[in-house]
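Sharing a structure below in structure tokens format, with a few things to ask.
Should a chain be cited, it is by its letter among A, B and C, assigned in written order, with residues numbered from 1 in that chain.
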């Protein structure tokens, strides 16, 4: 009940600030379109490095969108009220993370096929890329929430978030981009999806607890 | 038990006790490192495949071990700081991070030097080097977070959460990098896999490793003591201690 | 502490450190039902920190806070259901309407309210027509009233109010006085910090705690 209420609230807030909703997607598309400008428009080259480019773009877009996860709530005192609730903070926090993924991760997913076309990806590569992002981006949002919670209210928090997160994001990148690479070599893809799924399962169970603890640490001062 | 532990972890008592240990630790570290260096550089036989260049292993391997060990130490200290609010554990976690980062940097540098000799290139995206590089970034992140938070208690709590999240992620990172490596490069010859290391190579290596460990203990105590003085600088006992 | 047994909220030997400044130490009090504790002191004396410690947001450096005789860390869930905290910040989602804000607050605090009850609450705090207006379009005084409306959602024994009179007009001051009096008459306790004078009826049991800059 409280979980739904928090999810609903965050979605409602995002819908009412519709203008900000598009930013991560635009950023994602812009980053991906920079690569052909830097690497040259050779179709074969783009086809082989394309999946990696999309993954790095999605990762950076997630990174930039993360600051919005708790920042406004921290500044207006809503976060305080959330922690004061008798409901477990980790449960409520998980609703906020889900809301964040729904409004930033899902739009990234939706635009991916279009970017795949720009990069000349084959239908197979497109499908595997999409599947990997579907399993991987929630993990990025989850891991990201810990870093945002740790850096709340710090000056230049955004840069710090990136420093904290890039090594933690590495496995998702490896498995996600690796799945497409494997598909292109006509090798099995499922092991990669299993790994992404396993990491997601681990993150879903552990991260809300860590994020709640991090929020307490940041607000208790 | 708890009473014993809290007495042991009381900062003034720890400060005085550790002051007595430090000279002995420095002496032991110096002795072990000298013996290990002589053993490694002079007494150990030349490797028939790699020639003299393999001798960098006597620095590289212990520092790579320490890079991992210090992170585990940090995570352990963080866990006790987080669960029991032990101030001493907070301090130990904080001061060990730069040492761990230094060991990691040393492991990277020596690995790169070895690679320059063996593979004629300063950097290969070898699985082990890459995961050590990511470990280095984890250390830098921890230190950056500590530096960004002014309030020491908050910094300690935040650092503890980060170190614990990191320690859960280290095996995943390591495993993913290894997987990545086999996909992109095929099986490379792992650098220091020397299945039958003879005793005259092994003992200098173990001596060096022990020397690194004792050095770490001494350095961590020195750093912890100055951190204690800084944190408690308004307390009576510190003012008395410094006046002495 | 002879009163601790009957006290609803008590503090034993509290100490609080911010950065490396000791704000207060050895602070003890016990509030039996129907008591208000006014926390006074100049800026930087640690009023807000004390209230945050009492609310359970901040860990004290030493000492403990007890609710019905139990440490608040041990009974966190029960205490959270019985405690309302209005801090410096109002804790409102600015793009949400007054009604949406209150409904969420009610759910978070574990209080079930229908919309008629919400209307009553809005009317009590003097915002009868503001229900469907986004908080961002309310004046700062109206937002403060909306934050205070959280106190009326469900039953709570302990109110912790940090500068509740901020941004409120004279009617608002009277409103806070009325709400507090009702709460105390109903055997609640309250801890408030304020720079302004808040007059309460003579029958109310009042304690004052003055913090000094250390």
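One rule holds for everything that comes next: a residue touches a chain if its C-beta (ideal position, glycine included) is under 8 Å from a C-beta of that chain, and two chains touch if they have at least 3 such contacts.
Everything numeric in this text was worked out from a predicted model, so none of it was measured.
Within the contact network of the assembly, the step distance from chain B to chain C comes to 1. Taking the mean of all protein Cα atoms as the centre, the chain whose own Cα mean lies nearest is A. Mean C-alpha positions place chain B and chain C at a centre distance of 48 Å.
The centroid of the Cα atoms in chain A and the matching centroid in chain C are 37 Å apart. The mean-CA centres of chain A and chain B are about 32 angstrom from one another, to the nearest whole unit.
Residues of chain C in contact with at least two other chains: 18, 59.
The multi-chain contact residues of chain B, meaning those touching 2 or more other chains, are 151, 153. For chain A, residues that reach two or more other chains under the stated contact definition are 220-221. Here chain A touches chain C in the complex through residues 1-2, 5-6, 9, 12-13, 16-17, 73, 75-78, 80-87, 92, 219-221, going by the rule given at the top. Against chain A, in their complex, chain C makes its touches with residues 18, 52, 55-59, 77-78, 80-81, 83, 85, 87-96, 100, 103-105, 107-110, 134, 150.
Chain contact summary for the complex, chain A toward chain B: residues 143, 146, 150-151, 154-157, 160, 163-164, 166-168, 170-171, 174-175, 178, 181-182, 195, 199, 202, 206-207, 210, 213-214, 216-218, 220-221. Interface residues of chain B facing chain C in the complex, by the touch rule stated above, are 85, 150-153, 231, 233-234.
Against chain B, the residues of chain C that register as touching in their complex are 17-20, 22, 59.
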